[in-house]
Structure formats: C-alpha cells, structure tokens
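Residue numbering begins at 1 within each chain, and the chains themselves are lettered A, B, C and D in the order written.
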Amino acid sequence: MNVLKRMWRLPRGRIGICITVAVVLVAVFAPLLAPYNPYDIDQRDARRMRPGRGHWLGTDAFGNDILSKLIYGARVSLIVGLCTGLAVTVVGTFMGILAGYTGGWVDTVIMRACDVIFVVPGLPLMILLANYLGTKFYMIIVIFTVLGWAGMARMIRSQVLSVRSRDFVAASRSIGASKWHIMAEHILVSVSPLMIVNGVLNAAGVMVAEAGLSFLGFGDPTAISWGKMLFEAQSGHALLFGAWWWVVPPGLAIFVTVFGFMMAGYALEEVLNPHIPRRQAFSAMRRQMRKFAAGRGTCATAAVAGGAAAGTGGSRQGGVTRG
Amino acid sequence: MTVSSMGQPLLDVRDLKVHFPITSGLFRKVVGAVRAVDGVSFALEPGKTFGLAGESGCGKTTLARAILRLEEPTDGKVFFDGAEITSMSDAQLTAVRTGMQMVFQDPYSSLNPRLNVERIVSEPLRVHRVGTERERHERVAELLTTVGLPPDAAARHPHEFSGGQRQRIGIARALALRPKLIVADEPVSSLDVSIRAQILNLMRNLQDELGIAYVFIAHDLALVRNMSHKVGIMYLGHIVETASSDELFLHPAHPYTLALLAAVPGAETGGRARERARRFAPLEGDVPSPACPPSGCPFHPRCARATEECREAGVFPPRHELAPGHLVWCHHPLETE
Amino acid sequence: MGSGECVLDVRDLATYFFTPRGCVRAVDGVSFSIERGVTLALVGESGCGKSATALSVMRLVPSPPGLIVRGSVKLDGRELLSLSEAEMCSVRGGDAAMIFQEPMTSLNPVYTVGAQVVEAIMAHHAADRRKARELAIELLHKVGIPSPAQRASDYPHQLSGGMRQRVMIAMALAARPKLLIADEPTTALDVTVQAQILDLISSLQEELNMAVLLITHDFGIVRQAADRVAVMYAGQIVEQGSAGEVLNSPKHPYTRALIDSVPVVDAPSGTRLVSIDGAAPNLLDPPAGCRFHPRCSRASARCREFEPELAAVGSDTHIARCAAGGGLRYDC
Amino acid sequence: MSGAYWARRAIQTLIILCVVVTLNFFLPRLLPGSPAEHFANDPRLSPEAKQEVLRQFGLDGPLHKQFAAYLRNLAKGDLGISFTYRRPVAQVIWSRIPWTLALTLSSFLVSLLLGVALGATAAWRRGGGLDTFLLSSAIVVSALPAFWIAMILTLLLAFTWPVFPAYGMSDPFIPIGWSWEFIGSVARHAVLPVVSMSIGSIVSYGILVRNSMVEVTGEDYVRTARSKGLTERTVLYRHAFRNALLPLVTRIGMSLAGLIGGTTIIETIFSWEGMGLLVVEASRSLDYPLMQGTMLIMAVVTVLANFAADMAYSMLDPRVKYR
C-alpha cells in the first residue's frame, strides 16, 4: 500500500498506475464495454467500413467491429504479459538465488544453461517452439518463460553475489544464523526490488514480443489479440487500401499499454531504490545553476524538487526484450 | 604457546593457519596458496583487549574472521571459553556464537540498508529465539540506550544515520546476546576523526561495565596502543612480536615494529623508543605478496639487520622471550634496556 | 621557511553545489595564501570542503552540480577564475599540479603508466614522443620507481598502491609546477608507504622550491610535513597559523578538541580520549551563528546568534574564528 | 595467465556449440508436434510412403544411430534437403544470407554511428535539451513495436506519399547483377526496412553510450586527465570515450549476433527474402530440415559473435587477461 502511495506521488507513477488500471478494467469488462461481439462470424454487409457512426473505428475484412476487437484484445496482451512476467520472475529469481548463493557446479550448470538460451536467436526459436508445441496462449506463456528466465536469473545472480560479500551477511553468519535465515532475511530482501521492477519491465517486453509473434501468424488462432489484428491488417493488404484504421489502433493500444507498464516499472524502481541518484536531476541542477548565475536565485531558495522532476531512467533498457 | 599465568584464558588461538588456494591454467589447478594467516598463537583473558596491528594484507582481517569461523581455518586450533571451536559442527557452533560477536570496519556495508534498526539489532535475538516479540522489543530499546542512541531510532533505516551512529548500531547488535568477546575489525577507521573518540570511549565503557574482552584490529599504532592491554604485531600472516601494550611500544625489539613506529607521522614529540626508531633507516619497498612470501624470515628483504641466517630458506626465526610475556620472533632482536 | 614570494593567493572563495535536495555551500568564503617553498596544510574532516577548495583552485569542480560563485584565486599574480578554459588548461599540470587520494582509481586503467606520464609531458612541452618517453622514464626514476624503463610499460593494476601514487607524482612534476596540490595523498596507503611518499613529496618540494597545498585529516601528517596550517570546518576556515602555533596552542575549540581526540602513539595505553559530541553539520542547512556551536562545550548565547569573524589571536600570523575577537586579517 | 583465459573461453564456446547442436537434433524429435509425429498422423500417406519419407530425412532407426548420421552429415556441411525447395538446405541458406546481411549491416552501421554521436553529445551536455530528448525518446521507442513503426512508415512513405517502394528487394524489370542500376534499386528498396530497424537501435545505442559516458566522466582518472592540463577534447576522446567504449563492445557483440537472425519481422513486412523470412516460410510450411538448418546457422553465428566481442573487450581492457 505504502509503495503504491509513494508511486502515486511521482508523475510517472501516476501515469503508469492509471494506464495499467484502465487496461485491466477494459480487459475485465470487455463484454460490457464492447459495442459488438468481435467473435461473430462473417458480417457480410459490414465489411471494410471506414470509421464512422456505428463503428467508431470501422470494421475489418470480415465485417467485425475494430473497436470491439481492440477491447477484447487487451485480454490476451494482459494475460500473456502478466503470467509470463510472473513466471519469469519466479523461475528467474529462484534460479538466480540458487546459482549465486550455492555456487559450485550448480552455479556452473545454471549459468551455462543461460548461455545456451542467450545464443539462440529469440524470435526464430519462439516460432520453432510455437510450431512444435502449438500456439494456445498457455503454450505461448511457457515458451516465453523458457526463453525469458535466463536474463532474470543472471541479473539476480550478480546481485546475490554482491550482497553475499557484504559485511551484513558476514555479521549474520557470525551470530550463528542459518543459510535459510540469511536467504530470507538478507538475500531475498535485497534482491526483491530488482526482482519486482524487472518483473514489471519484463511483462512490458513480453507484450511487445507476443504482438510480434502474433503478427507473424504464430499467435493463438482462436483468440483476438492486438498483434493478430496487425497480422490480419498486413495479410489483408491494409496498407495498399490505405486502411489506416486497421493499423493505427492496435499499434497505439500496444504502445499505451507497454508504456504504462514501463512507467509503473520505473516509478517502482525509484520508490524501491530511493538512494539511486536520479538521472533527470542533472537538468534540474542545470536550471538552478543558470538561475543562480543569472542572479535570479539565491542559495536559500535553490532547493530543487528532485524526485518530482520529470524525466526517464534510461538505464533499464536491458530489461526489455524487443520483438 | 602463550599460556597465561592467570587461570584459563577466554580465547586461546594456537598455531592458526588460513590458506587460500591459488588456481591457475586451463583447469584451475591449485598451484599454490595465499598464506593469509600462517601460524598465529595468542591468548586473551576475560575483560581484556588484545590489539592486532599491521599493514594491509598482513592477515589481520582473515585472522579475525577465522577466530569466528567465518573463514575455515586450514590448520590450528581456537579455544573459546575452554571449548575447541575449530572442530565443532555447525549446530554446536551456533550455541557458542552467542558468546562471541564481531564489529565491522564499514558501517555502511555491515548494516542491511533494507531493514530497520529494530530488525538489525534484534536479529541475533531472533536467530537464537531469545524472548518473546515484546521482550525483544524492550531489549532493543535498552541496547540502543546503552550505545547512546535514542530508543526511537529503532523504527528508522540505516541510511538515516551518520557513520558514527551506524557504528553504534553495529555495536548494539553485537551486544544483543551479552557476549564475552567482541572481535572489532578496524571499528573506527572509516569514521571521521572527531567521531572516532566517541566510539572508542563507548567501547571502553562497555568493557568496564560489562567485562567484555576485545580483539581489537587496527592499522593505526596509536589506536592499538591506546585501546589494548596486549598487542601483537603482524607481518605476512605471522605475529612477529607480542607484549603488553606499553612494554611493546616502549621497548620494541623486532625491526619491523621499529620500522612501523618510525613511519608514524609527526615524530617531533617522540619518546625514547621513537628516537631510536628514527635512527633506523626508513622502510623501503612494499609488503611482499602473501602468495609467495620470502623464505626464511618473511621480513628479511626489507630489514636493515638481515644476515645470511635470516635468508636461510625454510627456517622461521626463533622465539625469544625478552621479558615475561614479551615475545619476539627474530634472529637479531634489538636489545631492550 | 619561504622566500616570501606569494605563489597562491585565494580570497573569499565560495563554491556551491546545486543538488536536488538544495544548495550545499561546500566552500563558503575561504582565504589563504602560500609562499614559494612553503607547505600549507588544509585540515578538516570529510565533507568540510577542503577537497572542494582544492578543486576550485584548479577549476576542476564538476559542473553541474558545482559552481564557483565568488572569490579570487591568484597563481603568481594571475587571476585563475577569469581565465578562458584553454588558458586554464595550460595552467593545470603546468604551473599548478594536483595529486589525488585514490591512486587506484586516479590512473586510467586502459593505458600504461608510461603513456600517461608521456601524455602529461606532451601537454606542456612541444617535445616529440621519443623525447617525451625518455623524459617520462627519467621522471619515474626521480620519484623512486625501480627499473623505470620496464615499469613504464606496465598497466596501473600491475603496480602497488605506493607505486601508483609515485606515478601520479611523476605526472604532476612533468612541467616543474610552482604549486603542488596534494589531496589526501597518503590516506589510502599503508603507514610505511605513507612515510615514503611524504618524504618524497618534501624532498621534491625542496628541489623544485614548490608551494605545496597539503590536504589531510591527520594531525600527525600536519605535524610532520606542514609549515602552516588552516583548519576547516563546515566550509569555512576556523583557524590558521604556523604549524607550531596551531598544533601547540590551538585557539579554536574545534581545533583543540580535534587534536585531543586523536590518540598519540607515545601516550601510555588506556589514556582517556576527549570526544567531540554530535556530528558535522549538514551543509544544506548549516547552523546559525558560529557553525561549531552545537558541538562546542563553551558555546554561549552569543555564539548561537552571531557568526564570528577570523581574528588575530596571540601572534600576527595566528587567526581564529571564535567569539573571542573581531575584525578580519590576512597574512602573506 | 592470458593463454589459459583464452583456452577456457574457447572451450566454453565449444561446449555451448555442442549443446546447441545436440538440442537442434533432439528438439524436433522429442517434442510433441515433431516431424515424425506429423508424418505418422498424416492420413494421406501410406505406411510404406511414411517409412520412405522418414528414411529420406533420417528420421528412422534408433535415436543414437540417427544422431551419429546427423553429426556425420553436419561435419560434411550437409544440413539435409529442404521439403519445399527440394534443394540442399545449406544452398538455400547461403543464397539468403547476403540479402539479410545487406539489411542488417547497413542498419548496424547507421545506428552505431548515429547512436554513438547522439549519446556522446547528450552526455557531454548532460541535462541539456538533447539529453532530455534522448532519455524521453528511449522510453517511447522501446514501448513501440518495431514492426508497427515499419507499417506506419510504409503507409506514409510508400502509399500515401509514394517515395519508396513498399516491399520487395529490387525492381523486377531490372536484371539481377552487379550493375549500378540494380544496386540503386536494391538500395531504394532497403531504405524503409533499414530505417524502421534502426530507429530503435539508434536510441538504445545512444542511451548506452550516454550512460556509460556520464559514468566514466565521473571517474577519478578523468579528473586526473583534466588536472594534467589536457584539453577538454583530449580528455573526452582519449580518456572518457575510450573507457566508455567497453560496455559498447559487449553490446555490439550482442547486435552482431542478430546479424542474420534478428530481422524476422522486418523481412516479413517488406517481403525481403532473407534469413528471417526463410524461418517464417519454413515454419509455415513445416519444412523441418530448413527450420533446423536456419536455427543452427543463427546459433553458431551468435556464439562466434559473442566470442569475438569477448576478444575485442579483452584487447581494449588490459585488466581482463589477468582475471
């Protein structure tokens, strides 16, 4: 609760929370919000309609309402994103802590497994696995998890290694604490911010990747997803017909959702790691210095609203997998 | 070796060795060892302080950690309160560890930044399941008062405190289980000069009130002399000279002790021993690596008095007892008047 | 002592840091001067502004967040604060050189130490690379590095801390500076190595007749190496005078407490130490009146309200910032 | 020490290669939906025909014999015969690689040059306008799926204002060969794919260089360089930039890995007949030998690229060899 409150105080936290909550509500109440049932088969009289009265975003090649598809599409994105994010976080953290804290051959085996996963090109392997395992959305989650845990495990492991060498762990050992006590009291507590933040950012990355997979036609064939809408647009030659309303809305939906998750992730990072110097503080400092130099500010009034300054933490690029 | 005449010592370290393997080549074959601690013996009575001084890399910290079995000793024995802890199982060790605690050098790294002070200080109590939640809470408040912090500090996090206050928190944690021995590894060297005296005085008051014995490790000779009853000077994993504090600093006998004393800056007000020390040539060069220590006397390459005898491979210098309790390992110790 | 020729003259220097949490007055009106051949020790605890003072003299304060907001820094009569950046480059490492606390991180890990010394030489002499290299090896020899020709092709991580600090000194000497600023040059080193480095600095000072600004927190080093002392507290100089005056009859309560709180190796075991209560103030919001009053055992109501000025105490050269006096006086 | 370090790295690389080869063999044979199962369930084939097909593709007999045959063929450079092309897989792949490299190499160079310039400038004036722009565009760009950017670019620049061709690799009326006309046509066709691939990587290189430069300029040795009296230019180029390059090298290694595997979606959108499109085609037509072959080649290239990046890193950073 406290964390949410503190996130709300940051502009990006507010943006992130608002977008995420809105998308979740849309996904949950899709049947109530959607003007039409997008699963209706073939509405011959309503094919390829431009946006207008009745169909705010027009219709697709089968006459289905784009807006309704957009609303239902939130479900797949969210389910795949959240479930994969959760699974990757759990598996990756477990493996990372196991490797980092146990060391020895366990560490070697886990890290070499990560290496193997890293050298295999992501999307082609996903396509391959989707081919073998099927494209039901739970299989997609499994595939993303199998390919995604390694990054998380590596990150957590290096954090565990650095925590393990800190004096407070030695202090804990010196009072006779067991391995399990140290893992629960010190290691887990220390890696949890990294774990949560990267879990959220990972979910965002997975949404992009899922859209990519669906766009290639390897998504769940029975579900409506934003990626699949773009696939249909592409295979239906939307660009040739200038049917921008097939292309723009799903893309924007992906963008807004992912953007919201990332904002929430960065806000979380700032709330959970309050002692990391904020990058955007530079611009605030520059402003204050200029003001002072121009004689418009005094030292007494030069306090900068540090945390509230807008900007981004670009350092987390690695956490996002691009399609 | 150093058996005290006053009954059983609280801590008795006998010929302790800690070697770390050096690996090399394709298959990380063990090709040698870093002899971090290479045969150290000393004893410490209850309520007293044993000071360990030496340059970085001489093995002081490894020795401290090996006493608490944070490092596994390669060889030798450590007796605490009569019980040999070097051969204990983990379970037995847990019980013994209530009696011995450690205070660390860096008060920033030794307190988990994510826990509040209550949890940090109560950790020993929780690990050993002492008291109820409520009793633990009261004990934490009491401990904080003991180390000179307000009881409301319990709810705050380490980053809200200055270095000196953090070190007080570290001491409060060490005191939680009412230990008989605290191993303090450079407890003030990362603190500001004006804060150091606060912490040192606190440690001394605790010794007077609670009868705690300290192993006090520092690179600053003045600190060691001030805080300790007995002092050992370490060089490359060995104690090369040990004596009661004043005896050692008034009548240093090992050339290395003398060299250390001579190097202490600000020599104008030096006493008799320092006068003598300054006549000595200043020490050349750096401490050799403990991975390949010089054979014979480890100090011979830097020693002005070194002879053929000192360089002889495989022969560690003999022990001389110059006065009761004043031991020096040297072929040519300086005469003490 | 010195020839009386003033090398560095700093007047009313102030450097502020504009951090997200507010404006830190790290250096707040500092004045001192150093003559040729003289060592001035700037003493104080961490965060008192002594390093910021040194960096301000070299105009190396990182900006943002730091900004030199007022004052004057004259090197050999030349005002440094009004020089262009290009002119300042020829001063740095030319007339004024600096060495730092951490010899580990102060050398670039990807270049050999020889290359880094050569770079310093070529920045100030129009020598060709071969000549510069010979000169560099000569310099390395001069600062006491054994077999300098071989060591020159070592990378910093292959050298010990003491050797690295010698390399730093060699770089600083490349252009025979008139002023050497040494920012805690021995703090990261062992006591025996520290003695070697201090000896080296003082013998080089004698040879080149340099003015040395020695920054330290250790009164032992001050006693050994300094001719004059300036004690800093919370961004200001609180006491200044000859080493003998300040060390033997300190007039500011902070100086006195600082000297008494440090154990001396010659005092018998168990000597009680004088401790200073509290901690150094937060420079975001320094205390009103005398900045030391919250920790001072002799503080009166007056100290809480009025900020004292530096005033002569005892001799002409000895000044202190304590409620006892008034008026402002400089020497040099 | 350095020789042992290299030997160890080389052996690690070899082990990873072996694991990749083994996985490449076993995955299609053991997973549900594998080719053997696929043929077994195909009602159109008679039992004899099934046996014949399985034999032809080396899918009959006990697994260990299959594996031995597979390794033998691999050693000869024989990756099997493609179902759809009726040609050796190796041949098909070789004919595709130059086309993919044309795209990826030009995108790599463009984004490296622009990204480094952008990042270095932003770091130099950190907190300034360019810096703020870079940081905020980073978050926007990483939330945008690259294929959607591609679609929008095509919509605008190929259909609404037809400046560039929308798909294909060259003008069909120009004969293929080393003529200026042909090369110009290929270049014109490559503009949109390269631009859409590069937008994301320019920003991510930029951020990487920017953060790394900001970090390095705070190092003690940069202050030392300034105190020696070096000009700001020399300090930035010789000291800051040289050290800031180190993380960039690792990153370049990762992008080189994507040289032939990272363009699946872009090639699909623009009908660019390279490796990425080959993977998709092979998957859609269940051409198992082709799928396996492409995966293997991509993985091998990745492993070798990582190895090369490691080598480059150790040449730039003298500390590595002594680890």
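We adopt the following convention: contacts are C-beta pairs under 8 Å (C-beta built on N, C-alpha and C of every residue); 3 or more make two chains touch, one makes a residue touch a chain.
Bear in mind that the values here come from a model prediction, so they are computed numbers and not experimental data.
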Of A-B and B-C, pair with higher C-beta contact tally: B-C
Chain occupying the most central position, where position means C-alpha average: A
Subunit B and subunit D, separation of their C-alpha mean positions in angstrom: 55
Distance from subunit C to subunit B - Cα centre to Cα centre, in angstrom: 32
Between subunit A and subunit B, centroid-to-centroid distance (C-alpha), Å: 50
Geometric centre distance via CA averages, subunit D-subunit C, whole Å: 53
Residues of subunit C touching at least two other chains: 64
Subunit D residues counted as touching two or more neighbouring chains: 126-127
Parts of subunit C lying in touch with subunit D, wherever the complex brings them together: 58, 60, 62, 64, 85-86, 89-94, 97-98, 100, 102, 105-110, 119-120, 123-124, 155, 157-158, 168, 171, 174-175
Complex interface listing, subunit D residues touching subunit C: 126-127, 218-221, 223-232, 234, 238-239, 242-243, 316-319, 322
Subunit C residues touching subunit B - in the complex, by the definition given at the top: 45-46, 160-163, 190-196, 198-199, 217-225, 257-258, 261-277, 279-280, 295
Interface residues, subunit A side, partner subunit D - complex: 112, 115-116, 118-121, 123-125, 127-134, 204, 208, 211-212, 215-218, 230, 233-234, 239-240, 242, 244, 247-248, 251, 254-255, 258-259, 262-263, 266, 279-280, 282-286, 311-312, 314-315, 317, 320, 322-323
Of all residues in subunit B, those that touch subunit A in their complex: 65, 68, 70, 93-95, 97-98, 100-102, 104-106, 109-115, 119-120, 123-124, 127-128, 159, 170, 173, 177
